[in-house]
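Here come two complexes built around chain A, the first alongside chain B, the second alongside chain C.
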Partner chain A sequence: MTASALSAAADGRPAGRRCAVGIALGIFVLLALTPLLSQLYGGGYLTTLAMRAMILAIAAISLDLLIGQGGMVSFGHAAFVALGAYAYGIAIDEGVYSIFAILPAAFAAAGLFALVTGAISLRTRGVYFIMITLAFAQMLYFAMGSLSRYGADDGLTLWSSADVAGTGLLKSDTGLFLSILAALVGVWLLVNRIAVSRFGRVLRAARQNPTRVATMGYSVFRYRLTAYVIAALIAALAGVFWGAQANFVSPAIGSWQRSGDLIAIVVLGGMGSRNGALIGALFLVFIEEVLSGITHDWRLIFGPMLVLIALYAHGGLAGWIERLQGPRRSGGG
Partner chain B sequence: MSTTLLLIQVLNGLQLGVILFLIAAGLTLVFGVMGFINLAHGVQYMIGAYLCWALYQVTGSFLAALALALPAALALGVLLEVLVFRHLYDRDHLVQVLATFGVIIFVNQLAEVLFGPAALSVPPPELLDWSFPLIGGMRYSAYRIALIGAGLGVALGLWLVIAKTRAGMLIRAGATNPDMVDALGVNVRRLFLVVFAFGAMLAGFAGVMAAPVFSVQPGMGDNLLIVAFVVIIIGGIGSIRGAFVAALLVGLVDTVGRTLVTDGLRLMMDPSSANQIGPALASMLIYLLMAGVLFFKPRGLFAAGGAR
Partner chain C sequence: MTDPVLEIDRLTKSFGALCVTDDVTVTLMPGECHALIGPNGAGKSTLVHQVSGLVRPDRGRILFQGRDVTALSQHARAQAGLGRSFQITSIIPEFTALENVALAAQARAGKSFRFFRDAGRERALNETARACLGQLGLGDRGDLVAGELSHGEKRLLELAIALAGAPKALLLDEPMAGMGRAESATLTQTLLGLKARYPMLLIEHDMEAVFTLADRVSVLVAGAIVATGTPKEIRNNPQARAAYLGEATA
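What follows is the complex of A and B.
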């Protein structure tokens, strides 16, 4: 969790990089196999679970771009997921079925909201940034709760699915599953591409020493705002899939507890690392499933677990896996 | 809207304001002195309310429940500090958010296991179980007036402690520059514990006082906590005076705004759209207020200076 550990994890020295790519590839292959496994055990349940995990992973990867790369601890990231979900839900409810209309609408809504609120929020830093992002998310939460035409607080149940150029891609479970998996792989590639790009390096440098980066002639504000908007767009994509998968959208998607979940996933997995958010999301869904199988009051176990992970798991699960592979690192950690 | 109705709204706003202040006072000190984001502070408020309910069941008297709940809330606050929070002071904000988030999840579930998910209620003390007549035939509960009075009284007492005593001086110094206080040989760990326990008791007190007014249920502190954070951000982290002004401001804006906004919109548009937009806009008012304050004063109205 220290700055040096972060930059070491994100710098991607060749050996560690290859290994991280291998882990990600393994996870994607495993995920791709779930529909097959699902047919052997328990019908579609496993597929649904995997879809939920992947949607969370997409959202968490985008949040890690902010927290891990940019050092911007947003406590309102679920708002962008909710914007995507509502763009989907409202479009379907109004009879607009083409995904090529829904996606741009979701991106436009989330991008615009991120541009305006980001520009204001980024004037502040530290704790104030955490709280102001929370405040904007709460505003949106209440705004969604007042849409009486679309179910208000109770949410909106969707009776049909989006259409992809006349094919039923998003209508079948397998089609939807494959689309989400493809999106997850795409987002993972994109965010890792950003991390090693010049843009990503400026972002990380600004996290460690904004004054120095500014002296070098970069507008820290612009870089951060761009990252904020990109993260919002990815989160909105997760939101669209959320709506498509659950066939139900409600303001609860954007509640501050959901934003807390996303932060938990990022820290749990290991922030600023290649696979942290991905592993964290899968782990969270998995552990929730296991614990709730043991007892109805699984949160009694889950809560203290989060506390222990926060206190003792430096670098999160990804850091732990990295350490398992032997003491490769030289400086810091 | 009639004057009487406005008066009732103002009283309700003050009532929310003092409860918010009792929660925010501890939060802003813990935040300002220790640089510690305690999301679980709302849990102390819930603990206070549940203690009040449980002790009322045992003793049958609200005052006895109040008297016993305060030390119990204090003790539970100390317990949480020693077990968890103590290990978080030097850590990253992110770690603090995650760990205290875990504490919320645990305590909320524990409350549900112990007391059930349904909302419980505590009757107000008999002594105050009557209502004031207001002009225009409306009445206002004496208990709620007493709640406002108690809140204002605690605020005054707190101001005296912070402004006039040695402990208060240390706390103020701690909120402005904790490292310097440490360097001057003050036992900062002990100061932290005292501030924390005191803050927990104030939030517990808010919970006890709120128990007869609001319903007692798991998670009751969560949303109030978020508003309390809005309060301390508006007021400036570490400033009791700021927390007081901002708490009353937020309480009034939130309560009075709810009726005024819808009424105001009705003048400008047709009633059905006003009824739809009004409540949403009213719920957003305090967040707009906070965003506005931060836009012009990024460190809040009365920043103490040392907060990180």
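What follows is the complex of A and C.
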């Protein structure tokens, strides 16, 4: 009963939708206030933390398009983030500063890699898909580690920032912060529009019953591959911001642990829900901050938490919050 | 003589040493209901799977509206106008009944690479879906989550999905499976009403339904057709009786 009510909410029942939009709006407003809070307390540290969380959220939202909507558990999603970050890093290192050159390059690299690896990976399902996406990501990881011109394993430190049509938008902390926030809101809107669109409806149906969807006349493969490429493009955008925020890129951005983090965020937040990946990313950064203050081995505490949430909080944190907000709704499905 | 809508031509399929489809030839004429009967394990479902494209035959051809579709994928055959229902209910469980049918209507409408407009609010799709649900007596069930419908309602929903694709022929794999007597009788009447518009290849164990609906009956035993004829001929055919009807009434 609860499960189907939840999925109905994710599928865009009006009541659940309004509630979820309210929560997202609240989160965005709170995020927008962090630079102000940061001035009172922490001196910029809070802003940096919020930027990292938002970049992670952008990547996680794109992964949820695959996992939550499409049922494609990709274990190599960080590779696309890394491609975006390296496009940024290499461009800056080579003296190409215009963001209007960097972004297309990042999109082209990630899109092409997704098109080729997706076309191969999507011929498999389940555990094999997890394995093969991981394998492709590892290939890229080692390829990046061998770029001796760009720092190889040690990574590449960047001494300048990208330029946005002559303005210093990405050069100041506030400008960068607002750009990332705007991108996050845009990505959130885009992915939630896709979810209820014709395309998203086919994608969600194919997760539940691909044979049925095929006998309706849809080529499931084409829809999945398109989603795979879209998710890669969004992840690359996160990667560009990653490079701009950290002024440093290294193969570690695309390591399998990073891909694992992204899956953890999606599961933790609630797969296939409007706000799951967003809430999961913010929660992960927050909990890492709090726990690593207590112990260096913070993952020893985070691990069991993830287990408990996977076991008991059906629909993840987002599902749990929505149940807190409106217990009547889950009974009304 | 008119051309058949569907022509299964000397189809053969083996799983290892087991021959599940043995040189089967079946035709479906416009406006016809052709029933396939046979004991469990005779290879009826496998035959339908080959026609819809879920299983590839080893040999033989499938012609649909005069066109060889043997090499086409499932979705291409569906687009060409082959609608089907499954023996084991196959729906989108988390979608509402209406959305299940609207999704099928959307496939018919084409252009599903649209990323922004809310598909749930597309009036044309929803109206088609409502009309199909109404035809099967599910008019008031549209807003329910499909997974929570009763078994009989899910069977009907499957048919509604098939109809929403505006098929040129229907492959019905035991549409009455698991239904009560009264439900079966109602569905038989509904199918009788649809027969004129949609040629049907019908697999069914419910003999009352078969003899009410079918214009021709083929008996499948161990992967091979042992008899084809009018319901009356099949009733009196000793081979068919021995293979199947005898067993059913014993």
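Following the convention adopted for this analysis, the second predicted complex is superposed on the first by the 318 of 333 C-alpha atoms of A that agree within 3 Å, B and C clash if a C-alpha of one lies under 4 Å from a C-alpha of the other, contacts with A are read in each partner's own complex, and residues count from 1 in each chain.
We adopt the following convention: a residue touches a chain if its C-beta (ideal position, glycine included) is under 8 Å from a C-beta of that chain, and two chains touch if they have at least 3 such contacts.
This structure is a prediction, so every number in the text was calculated from the model and none was measured.
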A:R323 contacts which: chain B (first), chain C (second), both, neither?
neither
For A:M216, using the defined touch cut-off, is the partner it touches chain B, chain C, both, or neither? Pick first, second, both or neither.
second
In the overlay, answer first, second, both or neither for which of chain B and chain C A:V127 touches.
first
Tell me which touches more residues of chain A here: chain C or chain B.
B
Mind working out whether A:F142 is in touch with chain B, chain C, both or neither, as first, second, both or neither?
first
Interfacial residue positions of chain A with respect to chain C in the complex:
4, 7-8, 11-12, 193-194, 196-202, 204-205, 208-209, 211-220, 223, 226, 333
Okay, in this complex, where on chain A does chain B touch?
1, 67, 73, 75, 120, 123-124, 126-128, 130-132, 134-136, 138-139, 142-143, 145-149, 256-257, 260, 263-264, 267-268, 271, 297, 299-300, 302-307, 309-311
Touch list for chain B against partner chain A, complex
31, 37, 39, 84, 87-88, 91-99, 101-110, 112-113, 222, 226, 229-230, 233, 237, 276-277, 279-280, 283-284, 287-288, 290-291, 294-295, 298-299, 307-308
Mind pulling up the chain C residues that touch chain A in the complex?
52, 54, 73-76, 78-79, 83-84, 86, 90-96, 99, 103-104, 106-108, 111-120, 122, 145, 147-148, 161, 165
